[in-house]
Structure formats: structure tokens, C-alpha cells
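Think of it as A, B, C and D in the order they're written, each chain with its own count starting at 1.
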Amino acid sequence: MQKNKPSKNWKDSLYEIIFEADTTAGRIFDIALLICIILSVVTVMLESVIGIQQQVGKILYTLEWVFTIIFTLEYFARLMVVKYKRNYVLSFFGIVDLLSILPTYLAIFFYGAQSLMIIRVLRFLRIFRIFKMVKFVGESNVLMQAIKASKYKITVFMITIITSVVIAGTLMYLIEGGENGFTSIPRSIYWAIVTMTTVGYGDIAPQTNLGQSLAAIIMIMGYGIIAVPTGIVSAEMIQQKSKDKLSTQCCPVCLKEGHDADAVHCKFCGSTLNESDKSQ
Amino acid sequence: MQKNKPSKNWKDSLYEIIFEADTTAGRIFDIALLICIILSVVTVMLESVIGIQQQVGKILYTLEWVFTIIFTLEYFARLMVVKYKRNYVLSFFGIVDLLSILPTYLAIFFYGAQSLMIIRVLRFLRIFRIFKMVKFVGESNVLMQAIKASKYKITVFMITIITSVVIAGTLMYLIEGGENGFTSIPRSIYWAIVTMTTVGYGDIAPQTNLGQSLAAIIMIMGYGIIAVPTGIVSAEMIQQKSKDKLSTQCCPVCLKEGHDADAVHCKFCGSTLNESDKSQ
Amino acid sequence: MQKNKPSKNWKDSLYEIIFEADTTAGRIFDIALLICIILSVVTVMLESVIGIQQQVGKILYTLEWVFTIIFTLEYFARLMVVKYKRNYVLSFFGIVDLLSILPTYLAIFFYGAQSLMIIRVLRFLRIFRIFKMVKFVGESNVLMQAIKASKYKITVFMITIITSVVIAGTLMYLIEGGENGFTSIPRSIYWAIVTMTTVGYGDIAPQTNLGQSLAAIIMIMGYGIIAVPTGIVSAEMIQQKSKDKLSTQCCPVCLKEGHDADAVHCKFCGSTLNESDKSQ
Amino acid sequence: MQKNKPSKNWKDSLYEIIFEADTTAGRIFDIALLICIILSVVTVMLESVIGIQQQVGKILYTLEWVFTIIFTLEYFARLMVVKYKRNYVLSFFGIVDLLSILPTYLAIFFYGAQSLMIIRVLRFLRIFRIFKMVKFVGESNVLMQAIKASKYKITVFMITIITSVVIAGTLMYLIEGGENGFTSIPRSIYWAIVTMTTVGYGDIAPQTNLGQSLAAIIMIMGYGIIAVPTGIVSAEMIQQKSKDKLSTQCCPVCLKEGHDADAVHCKFCGSTLNESDKSQ
């Protein structure tokens, strides 16, 4: 971006402060905003604790409105300076910004709606923008690509899990029955999920011998099967890494890429690869 | 498959609709079937919830019969159009299709048998047939091969786990005894499985110092040992991946190997690779 | 082993039946033994269940003695036919075989000692000897080597975990105190192990805000830290696998091994490697 | 280090005993110290058990003072012989050594402070110094580097987890409400952490259908998402390993790379590799 442009109107300046983080003013704005978001989220949390709410409820209520007004002003400022307003409003952060201010206004009419303000925590994801954004975005992309590349494997795995918990839950419903807490099939499936994911609350637990035997099988299955998604993601990640090791050279004749680091000739057209390009 | 065959009798047309998913009619049939399966499974689930059963039990009972009749007709249709009837009846989906309709009829004689209808959820696995079947089947195969390739390692691991829980369970039975919930060796082994798989219901928990010390060792063992199957599957998956990438072709001039599957020219000497060899 | 030896005395024949599994008689003996072991373990388990013990206690008691006598005879038979008696008695299976028969005799004097018979389950590990022993032993070795190769990393990991749970347990003892179940430091450390390994019985659980915050940190630590041993074992396994891929060729001049599959010259002395040897 | 220096004053001798572990006296000192640390930690633990405290409280109290005096003397000895006193006092072990003796003196004024002595367990980390230190430090470094290299990925993962539990906790607070144990947002977030990390105490558990459905989603998420850090660490570890194996040397004749670290001759053309290049 050209920073030494001779004249800039106030909209462009404000845009740079609000939407970017590479000027001093922009950084200060973003950090101030992050602090507001954290304080605002803490306020909402504290308000839900009965003891605290009774003691300093009024202060928290005031703070809530202060933050809401700040965020409302910010939302309109963003809306004003942005060029493609529609794009901002419909973007992920545009929607989150709007949803972050609505609950306080809604709470005037519907008691309890202020808890929805916790959605402001999503605004916190802007943090990636501020601190070495490029690094973080790059790493997020590696994670996202690894997950995307394994999407079919993960779907197969998820459908296997869901089918297993439905069948396991129903069997336990038939074996244990309502008197042992397995009062319905959905509740038994809930138990099967609690067990297979190794969470194990213990609010529902099998009492009969047959039920405990089946439960033991489900547990061992759930315990061992975690190796599958882990293996998938590990294999993907390693491949993502090895992709980085491919040379960035491009064939001078056919212009195709993706050559191994040790290649002398282009594997597509056979012409000799540029040696000097290789050393880059 | 040749689609522009001049004449087809109704059996072949029906076969294509029911058993395949690459014509429009076939896709519509399969999607309609999936919706029926899901609705049918939801009906069975809801029927098991006492509150709902009392309110809309009659509607659910009617729906149950409607789906059973649909599935019965479908089963006979499949049986009629398929060439090798025996193969279909004895295939995985043939057995599941039959088991999916039996429980409703059985429920006339045995109360509660309708819960077995949940087996219909297995029919849902047909989903892989419909949406980009090839991709899914390919990915399932990778998963299956990785698991098959590690079957000896997994067996060794499983026998180690089973031996450990039997010994751990018996020791806890001797240490804690019936008054702390460890009323028998099978029950103590059940506890050992609950603990080693990190499920941890807490319905049975050691109370003595010695018991808690042994439990702590079992927990740490169970926590750390999960690394073993995960490592096995990860290593297998990575190997499966690297196998896919390298072609087995060899340069006809310099005789070097290790070319990528998409290579046309040898990356070492630049001569053209043998195309026919590639297709192997 | 030479099987067509002209004459064998009865000791050698018996040795072959008892200690080896590659003759028909040897296989039958081993399978019969495995069945006895399983039945014997099941007998011990059933005897611990009060209901069953009251009904068929006498039958079980008789069965127990039958198996003990069988195993006693087997132990003396092994002792008789083996050449190096001392080696057998002090070997892993020699000790297990002895410990498997002692509890029944001890139970005459000390009531309850028969539960120790469960140690017979260790005899079951002989199963590896029978079914495709070589495969299993090979795979066990890969697992063992991967674990051995990571022994320093695993020790570092274990000491970190132990130090963490000692500190976490003590902090929780100070924060929560006896009224919330954290009655002593050892008990609090037990809780920390239950939590960090994600078992989570819930028999002891923090009640104060500070305690729950610390518990949350321990949980996230325990949840994330499992990635470390998994990563260690995965990396080791992959290396074990790639070792298999090294060519088995040996330099004809300096006789050193460990050459890459694509090596033309010995990497130690520079002499040309034997091409025909390579293709093996 | 030169050991055959003709004359050494007592300070240097003491320094070698206290701070180093490669002389016999140094080893004996370090092992004696480790035993004192373990005994001291056990004393603190036992003192917190009410039963034991009532029986042998006086002995434990005396032992506590004995160990404190030993450690105090040791601290001053270290301070005396070390050259850069400031560096030692501000080093990790310097601070731990000081914190290890303070609680006993504090306990004179503040009852209960002696539990803080458990910090002595950190002194136990000196164990790495004694037994094959180089190996352990090397392995710790591999672990540390793998974790450092993945720090951005781990941060992205942690922020995702924290954002998820805050949102999940708040939703559960709104759905379940105080009557089912979700009395405040912070407490609901605590529940979300307990659930997502698969600890699952069961002290708070959802009761409503909607709550149990959301809980099931959180569990499956927490169960599957562990694959992500595991994949990250596995990929890093494998890369760390492969880095160690390949030397960066290049053949002076054919200029090919990729030689093993122990190679003397180029594996492609057989010419001698440059020794000086190797040592880089």
C-alpha cells in the first residue's frame, strides 16, 4: 500500500485506523478495542453470578451500556468509512459486530437476553489481525487445508461414529430399560455418546451384567477409534509440510511447476530446468 | 456402462432406478429412500420417549406401519429385479434390508420388539452410494487398508490391554473388596476398563489408599498407552499416502525410478517415459 | 530343526509337544492348554460373584482343583523334559506357570487366596506362540523398539507429568481444603491424576471458584499434553517403518550395510555396489 | 574441563561437588540431595494426612525442620562457592532453592504455610543433571523445539478452544439455567471445559433434551479435535527427526546432495566427500 499519498480525506484516514493494523493509530485502536471486548465479556460473565449481581449489579449494568454504546458507535463508524458497505455487513465480522450490540437493546424488552452479548467473544478473533497476522493466518491455513484435505475421511469416520452410537444406544435401552436411567432411545444415545467420547459423566451408568459388558465394548471401541482421526490429521499435516519442501522452480519451456528439489529435467516436457532458479 | 442401449425391459429400468445412483430417477429414488430411513429412525426414537408416546403414540404407530410397508415393498422390488437373488439376500445390505422390516411384524406378537427397528439406521450407510460414492469408497478403503495393515499390531495391543484390565481388576477386587463397590471380579474388571479407557463414570471408585495408588497407575497407563494405537495408525496412513504418490515406472534410458505419477519425462535425463508402463 | 532324525527318545517327543507348536500334536496340546487357561480364568471370575458362588460354588470349587491339578502336572512335565531346568524355572513363563498353581494350595490355609489364580491370565500370552507366532513377535518387536527408542523422551514426559500433579494436587489442597473432599495432599494428588488423565470420576470435585479455575487449567493441560507421547510414538513408528525400506545390500569391499535403496556406490568406501544383490 | 590442574582452593573443590556431577564426590552429593528432596516431599505429604499427623506429627515436624536446615545450609553453600552470585540467585533453580526453604520459616507465623514446601518437588528436576544428563537434555530439546516450532498452530488451536468453551458455556447457561446446576456463566464455562476435555466429572450434567443435544455436540467436538494438536506435534517431531539424519554436504564431483550424515563417499559417483564440509 502506498502510504506517501499526498492528500487523504478523513474517511480514508479513519478507514486505515479502524480496519488496518499497520499504522500506530490503527494498532492503538485495535488494542483498545480488544481490551473493551475482554472487559465487556467479563462484565456479562460477572452479571450472571448471583452473589456479584446483587452486590454490584448497578455498576455492571452501567458498564454493559457503556460498552454497548462504544460498540454501536464503532459499528456505525465502520459502516461509514467502508467502501463496499454490503460486503462488510454480510461478512463474518460484520454479522458478529451487529450481533454484539443487539442483545443489550433486546434486553429492554426480553429479560435475560443480555447473556447473548457473550457473542462478543467472537469479536476477539480479530486478535489474529493484530499480532503477526500473516504468521497466524498462514498457520490457520495449514490447519484448515489439512482438515479440508481429510474431509471425506472425516465424514466416513463421523457417519461410522453416529451409526455406532445410535445402535449402541438402542441396544442399551433394550438391555437396561428405564429403571436404570435409560428411559428412552434418545437418552440412551446421549449416554452412548458420553461413553464413546470417554467423557463419562456417570449420571447414567449401566447396572446389569449384560449392559456393563456392552458398555465395556463401547468404551474400548471409543478409546481405540480416536486413533483414526488422529492418524488422518497427522498424515495430512506431514504431507502439508512436505509440500513446502517441493522446489518453487518453474519450467522455462512449459512453465509448469511442482518439480522435486532434485529434478534436473522438467518432468512434463523434458527440457532442462534453470539451475540458477533452483538455488532460490 | 453403456446407456444408449436401444431397448430395455422394465426390469432393467427398475434395476437401474433401485440399485444405481447415476441416473436422475435413480438419484431421486435413493434420496427419497434416505429421507424415509431418517424419518423412520426418528419415529422409533420418539416412540421410546414416554411423554411423546402418550401424546402422539397413535400417529407414531401409524407412521411406523407406513414406513414398514414402504420398506417391505422396496425389499420385494429389489428381490424381483436383481439377477442373482441369492447374492442380494445374503449380502450385507440384503440382510439389513430384511432385518429392517421384521421387527414391526414381530411387535404384533412380542411387545417392545419395534425398538429393534433402529437397525434401519444401518440402511443409512447407503448414503455413500449416492454422494460422490467413488471418493467415499476410496477414502474408506484407505482407512480400511491402514487398519488391515496394522491388524497384528492392533491384536498385540488389544491382548495387552485385556490382560492388563483382568489383572488390574482382580487386584482391585482383592484390595478394595465388596464394601467399596468392587463386589466381584467381573465388576472390578468393568471398573478397570472404565478407568483405563479414561471414561471414568465414578459409579465405582477406589476408597483405600492402596486402591487409589493402583488406580493412579492404571490411569497414567491408560492415558499414555493410547499413544500406541495412534502411532500405529498414523504410521500406516502416512505410508498409504506415500504409496499413492509414487508411480512404479522406470525411465527407459537411464533406468532410474522414483518418478511422480504425473511425470511425462524422466526428471533425471529428460527422455520420454513409457506411457503403457504408466497405466499399470 | 531337523525333523527326520531316525530315533528320538520319549523326552524329546514330549519336549516337542509341550514346548513347540509346529507339529500337529504340539498344536493340539497348546490349543487344549489355552482352553484350560480360559476356562480356569472364567471359573475364578465366576467364583467371586456372590450370587453364582452360592448356587454353584461346589462345582466351581471342584473345577478349580481340576484345573490346578492339570496345571501342576503340566508344570512338572515341562520341568522334566526341558534340558536347562534352571533357565525354564527362572524364565518369565516359568515363574508365571508356578504362580498359576500356588494360589489354590495357599487357599487351603489362607481364605481368599484363590483370587490370585487370576494370574493364570498371563499364561494366555502363550497365544502368540501358536497363531502365526513369527508375525506377532515381529510386530511386538516393532512396538517394543519404538517404545525403547523413545525411552528418554517418555521419561522426560513422565517426570514432567508427576511434578505437575504433585504441585497441582498441593495447590488444590491449599485452595479447596478438607471440607470439599481434598482431605490430604496424597488424596489431592490422586484427584490431580484423575483429572489430568481425563478420567474424571467426580468423587472429588472442586467447589470454589479459584479451585475450578485451577482445575480448568489442569484439564486443558492434560487434554493437550497427550499430543506429546502420541507424537513421540508416531515419529518413532514412522522411522521404524522407513528403516525397513533401507536396502539389505552389503558393500562387497568393506562389507558395511545401511545403504539407501538408490545408492550405486558404497557410501563408506566408494566401491561399486553389487547390482544383482540389490534386486533381492 | 581440565581436571589435572595442580592446585585448587577449597571453593573450587566445593563448587565441583555441589554444582557438577562428573566427579565421584559430586555424584554422591547429588544423589544424597535427591534422597533428601524425596524424603522431604513425602514428609510434607504425610503431614497433611490427619490420621498420620495425629500419630507421628511430632516426628514429622522434627524431620521437616531437619530437612529445612539441610537445605538452608546447602543454599548458603551454593551462594558462597558460585562465582556469579546474582546469576545463581535469579536462575530457575536459584529461585526454587530459596522458595524451598522459606515455607518452614513462614509457618512459624502463618499456620498451614508448610504445605508450600511441596515446591521442593521442583528441585527434583535436578535429576536430569545426574543420570546421563546429555541424553535427557538432548531429548528435552527435541520436545521443546517441536513445541516451539508449532507455537503459532498451538495458539490458533487454544484460541479456538477458549472461544468455543465460552460460547458453549453461555448457551448451556441459557438452556439449562440455575436449577440444573448451571448457576452462572463462569460455572457453565467450567462445565464446558470439563466436557470438551473429556474429563466429565458429572457434578454438573445437562438435564434438558436441548442441553443434552448441545452437550453431545460439544463432546464429539472435543473428542475429535484432540486429533489437531496431536497431528501438529507428530508432524513437527517427524520433521525434527529427519533433520537430524541428513547432512547438508554436497558431492564435490557430481554435486549431488542428500547424503547421510555418516557417508564418506558420494553414493551416486563414488568420489570422496569433503570432510571439512561435513563438520559444518
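Methods note: a residue touches a chain if its C-beta (ideal position, glycine included) is under 8 Å from a C-beta of that chain, and two chains touch if they have at least 3 such contacts.
Composition by chain, UniProt nomenclature: A, B, C, D = Ion transporter.
Note that the structure is predicted; figures quoted are calculated from it, not measured.
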item: Candidate from A-C, C-D or B-D with the same interface as A-D, over half of contact pairs in common; value: C-D
item: Which of A-B and B-C has more C-beta contact pairs; value: A-B
item: Interchain centroid distance [CA atoms averaged], chain B/chain D, Å; value: 40
item: Chain A and chain B, separation of their C-alpha mean positions in angstrom; value: 28
item: Shared interface positions of chain C, touching two or more other chains; value: 186-187, 198-202, 222, 226, 230, 232, 234, 238, 262
item: Complex contacts: residues of chain C adjacent to chain B; value: 41, 44-45, 48-50, 112, 115-116, 118-119, 121-122, 124-125, 127-128, 132, 135-136, 138-140, 142-143, 146-147, 154, 158, 161, 186-187, 190, 193-194, 196-203, 222, 226, 229-230, 232-234, 236-238, 240-241, 262
item: Complex contacts: residues of chain D adjacent to chain B; value: 198-202, 230, 234
item: Parts of chain A lying in touch with chain B, wherever the complex brings them together; value: 152-153, 155-157, 159, 163, 166-167, 170, 173-174, 178, 183-187, 189, 195, 198-202, 205, 209, 212-213, 215-216, 219-220, 222-224, 226-228, 230-232, 234-235, 238-239, 258-260, 262-272
